[in-house]
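Quick one: structure below, then a few questions.
Note that the chains take the letters A, B, C and D in the order they are written out, and that residue 1 is the start of every chain.
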Amino acid sequence: MPTNIDRIRSIVIEQIIEETPTVKTFVFKDEISSKAKPGQFLMVWIPRVEELPMSVMVSDKKGYAAITIRKHGFGSTALFNKRLGDLLGVRGPYGNQFKIDKESKKALLVGGGTGLVPLMRLTITLNQLNIDTTVIIGAKSKEEMFFEKQANDFLDKTKHNVIISTEDGTYGVRGYATDVMSIIVNKDKFDTVYTCGPELMMKKVVDIGLANSLSIQASLERYMKCGVGICASCCIGDQLVCKDGTVFNEKQLSTMIDFGRMYRDKSGRKVNFHM
Amino acid sequence: MHRRLKRIHEQYNDLLSVSLAGLQLRNPTMLASGFLGISQDVFNRLYRMGAGGIVSKSISIEPIEGYRNPTVFSLEESSYINAVGLANPGAEAFSREIASNRNVPIIVSLVGSSDNEFPSMIKKFDGLNILGYEINLSCPHVAKMGMEVGDDPEMVCAIIKKIKSNTHKPIIIKVGIGSVDVVKIAQVAKDAGADAITAINTIRAMAIDIETMMPILNNRIGGLSGKSIKPVGVRSVYEISKNLGIPVIGCGGIFTWEDAVEFMLAGASAVQLGSVIGYKGLSAFTTITKGIKKYLERKGLKSAMEIVGLAHKY
Amino acid sequence: MHRRLKRIHEQYNDLLSVSLAGLQLRNPTMLASGFLGISQDVFNRLYRMGAGGIVSKSISIEPIEGYRNPTVFSLEESSYINAVGLANPGAEAFSREIASNRNVPIIVSLVGSSDNEFPSMIKKFDGLNILGYEINLSCPHVAKMGMEVGDDPEMVCAIIKKIKSNTHKPIIIKVGIGSVDVVKIAQVAKDAGADAITAINTIRAMAIDIETMMPILNNRIGGLSGKSIKPVGVRSVYEISKNLGIPVIGCGGIFTWEDAVEFMLAGASAVQLGSVIGYKGLSAFTTITKGIKKYLERKGLKSAMEIVGLAHKY
Amino acid sequence: MPTNIDRIRSIVIEQIIEETPTVKTFVFKDEISSKAKPGQFLMVWIPRVEELPMSVMVSDKKGYAAITIRKHGFGSTALFNKRLGDLLGVRGPYGNQFKIDKESKKALLVGGGTGLVPLMRLTITLNQLNIDTTVIIGAKSKEEMFFEKQANDFLDKTKHNVIISTEDGTYGVRGYATDVMSIIVNKDKFDTVYTCGPELMMKKVVDIGLANSLSIQASLERYMKCGVGICASCCIGDQLVCKDGTVFNEKQLSTMIDFGRMYRDKSGRKVNFHM
């Protein structure tokens, strides 16, 4: 087994957890991935199909890690359809990580969809540091909501609060996660907000955070080819999301004029986010 | 000029600046094509980090999405295999991207499958703030582009002549290890009017995952870059430079200042950094430039140009 | 038969033995030409150490002293650059050397600068206890021999036809990265009657010492072998084997059993070990063979032949 | 500076000692060479001229080593003519080393010419182990004799005896080193004889040693190209002198039918030693 994180490591899907009808978690043995930091991602090879960046999900087994896949387009659907015992390749983990201020007293996590994955790894650290943590999980509907139990479990040793919001109101609060955020940042004194999810959601989180003078840590997603800082397909401004990120702070975010506005497609052309 | 830029300029100028084929570079380190080569913001950052020149990703007349991932992966030996498939935003979008460029020494890399594609691309770039062009005739894994062109001496000649009649800026021809001898293609390029040669591009290669028994790259076959190819790069630069006397830019596995000096002794007037960026980050430009500087000082030399091709005499 | 040899035979036979072009090898590992290839005593030792087959140093009609030292040196990347200059004892002395061979599976590598040199060499070896011949058409650093021959399709064809009409033993053509596409030369060889192809030889390369500013090799230019060239070797084997369907022997940077398996998946029926011997010693044969065995068992396969070319289907 | 011993390391000749009109010692700084074991050699690059195997000589400066060159043919003469400050390259040290039996009480060293070099490194170890040591230095004449002082100095802490023999009798005992050996092995009880020098001398040492049931350690010289066990130009029987040697024991030596008889030339052909 290569210890170089850049080599593709063969892994076997040893357990599959169905989180929702369109989201599954694959658990696999890989010492290196098991030590990933919150915010880091793997490049996951789906042999002869695709390679996709995927945040590293937590597994409770020692030496194991996981990925949580939302069935979406070509590559993610092929991945979603893999079975127990199937082989994948992984390289990484890559990227920086969420920074936790030691002085921090009260953390707010706002996530949606598979953006929750890096936040789950983060809850484990916050739990260890005994930081009072509120998690807002946004979803379209009850059926599409996942990781509520995990968030509560991972935060068992610290004061915590997991709030669910669904757009259709089938579970928890009705509305967007950012609606919930707007309300609670006025009621409670948070120092840092950590966010990951759809970029337009994160853009709102950042706007609310800036307006409330919070420290902000957002984990961005961009189209990635290399994952190691050589192709620039992931660049936003002069920052490489795969290497300088994925996590950026409020200072960096507020100067990124393309954040929430434009991304680069596979050819490298800038295109607008579909609103 | 940006304060920091100005400082870098002054600091390096006398000892480190090089000129070749009408290009003046503040130091011999350039960004190799295909690395971080699509964003003006990133170019500005690279220039702040000390790059002497910047070659863009190879640009084609139309945008190209390239192959599906995996398009690039790393080997244990500080080397990559890639088959990106010449993904690029196309001449139109890229000319808009760099339209705002002021003082970054950009060289636009162009790729095409026939001589007719170049004039319209040149037209888009020639009025911008750029130093010149590098023509990629050596991408080893895209059909009808790159190497397939570079292996056809007549095509090489036609393309260069066509470009030359459409621009006064210097043009650099990038060659590689294909199925025509690298010196021979460089000779054809020189005869057709090329101002300089960049050598070398990646070498056709592949890797198979033994667990799935499948080729790793989506395109199966790609190009090998990085430390592995350095001795082949040094040899190519040495042979081209010694035999043809045309200015050469060295490329291929340059990871340290020692590597850069080795290429220069072999005949390179400047060097391009590619794979090293993945392993050592953008600071490679500073580290390597500093190393070259110290070497020149230790050897009691007045200019980086003095070491170019010194190994030819032995 | 020597006791230990017999044990090795029995132990490996079913799972590991391979056959190609009429050769039967107890396991897929062979010694690459130019490594330890001049002494029958050493061949015996290599066979005891587990080598499945042994290719001699390339033998020419007359003895060759080769270049002055340095003729070979090591790079950081587990690779060598060499320009030995085809030093060899010549056909007469070498035929005496191996005249006593009994059961070591020796393949004699031959090199020459014209088809006329081969019949008299074949005459000296054909009556001895040898499996066949490998013809070196790909040494990248000796004028008028090796690659200069291998880059000339007509010469390749003439040599093979001449040899074929002088022996019934299998002949293997060794190809490399020259200035004619490796698949094309393999095609020419196949059409002319070659029984198998070995790919690849070293790649033309050089290194310059930056302190003295001088090329290191006495011949200045040499050939790169070892880990660096593995991905180029895998690609060559894959392309030749997939496109031509001729048996291929893989060579180039095979250091581990994983490398050996990768070459076999790419289409190699056997693999040659060269540079690894310098870094890991003769025990490489045992380690690699054992690794292949475990892999085959883990994958539930009955014979090493089953994995040959498996990557072609993806 | 590469730490890999296989890379060519640039060295500067910092001191030149003229041992005899045809023998010089070059001292240079090189951490790796300074740690060479007795019997090991370097491949010494004389830029654009040659590369030659050379035993590693001792330097008394920390981090330094030396080579002792006898001016002979093409390469060695070019090397001999190098000056202070000139650059050379070295790789290695290569090969095994003299093995010293811990039980050993009384050692006999028999050397001639530059074969004395590995024996000098050995005396240092014998001195440390406090083993009673007799050194026989053979030379053609007084003028060509060297290393007498070094041998006495290096053995200063143990019981020792340095005997010189010259063929013309201009210094010490008249005759060959092996003549002296024949005489003293009968008078004294040695357990091991260590030898390095012209092969025909060593052949005699081995014969005398075997006849007297001594343990024998002989450091052989063969034509060397690679120094790392890949070219076989140095082979004697199935042994590679550069890798399995240079030091062989009495058991190995007595089965080497080519020892003292044949060597391989640059082309690999076997040729007889000129007698």
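Simple rule for what comes next: a residue touches a chain if its C-beta (ideal position, glycine included) is under 8 Å from a C-beta of that chain, and two chains touch if they have at least 3 such contacts.
All values derive from a computational prediction rather than experimental measurement.
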Grouping of chains that still touch (sans chain B): A | C, D
Graph separation of chain A and chain D (steps between touching chains): 3
Cα-centroid distance, chain B relative to chain C, in whole angstrom: 35
Averaged-CA centre spacing for the pair chain D and chain B, given as whole angstrom: 51
Multi-chain contact sites of chain D, meaning residues that touch two or more partners: 47-48
Chain C: positions in contact with at least two other chains: 75-76, 214-215, 314
Touch-based graph of the chains, sorted into line, ring, star, complete or other: line
Touching pairs - complete list by chain label: A-B, B-C, C-D
Chain B contact footprint on chain A (complex, rising order): 2, 4, 6-8, 10, 43, 45, 47-52, 75, 87, 89, 91, 225-226, 228-233, 235, 237-238, 240, 243, 264-270
List of chain C residues in touch with chain D within their complex: 34-39, 41-42, 44-45, 57, 63-66, 68-76, 80, 84, 87-90, 93-94, 209, 211-212, 214-216, 218, 274-275, 277-278, 281
Of chain C, residues touching chain B in the complex: 75-79, 81, 177, 179-181, 184, 203-208, 210, 213-215, 220-221, 224, 227-229, 231-232, 234-235, 238-239, 258, 261-262, 265-266, 295, 307, 310-311, 314
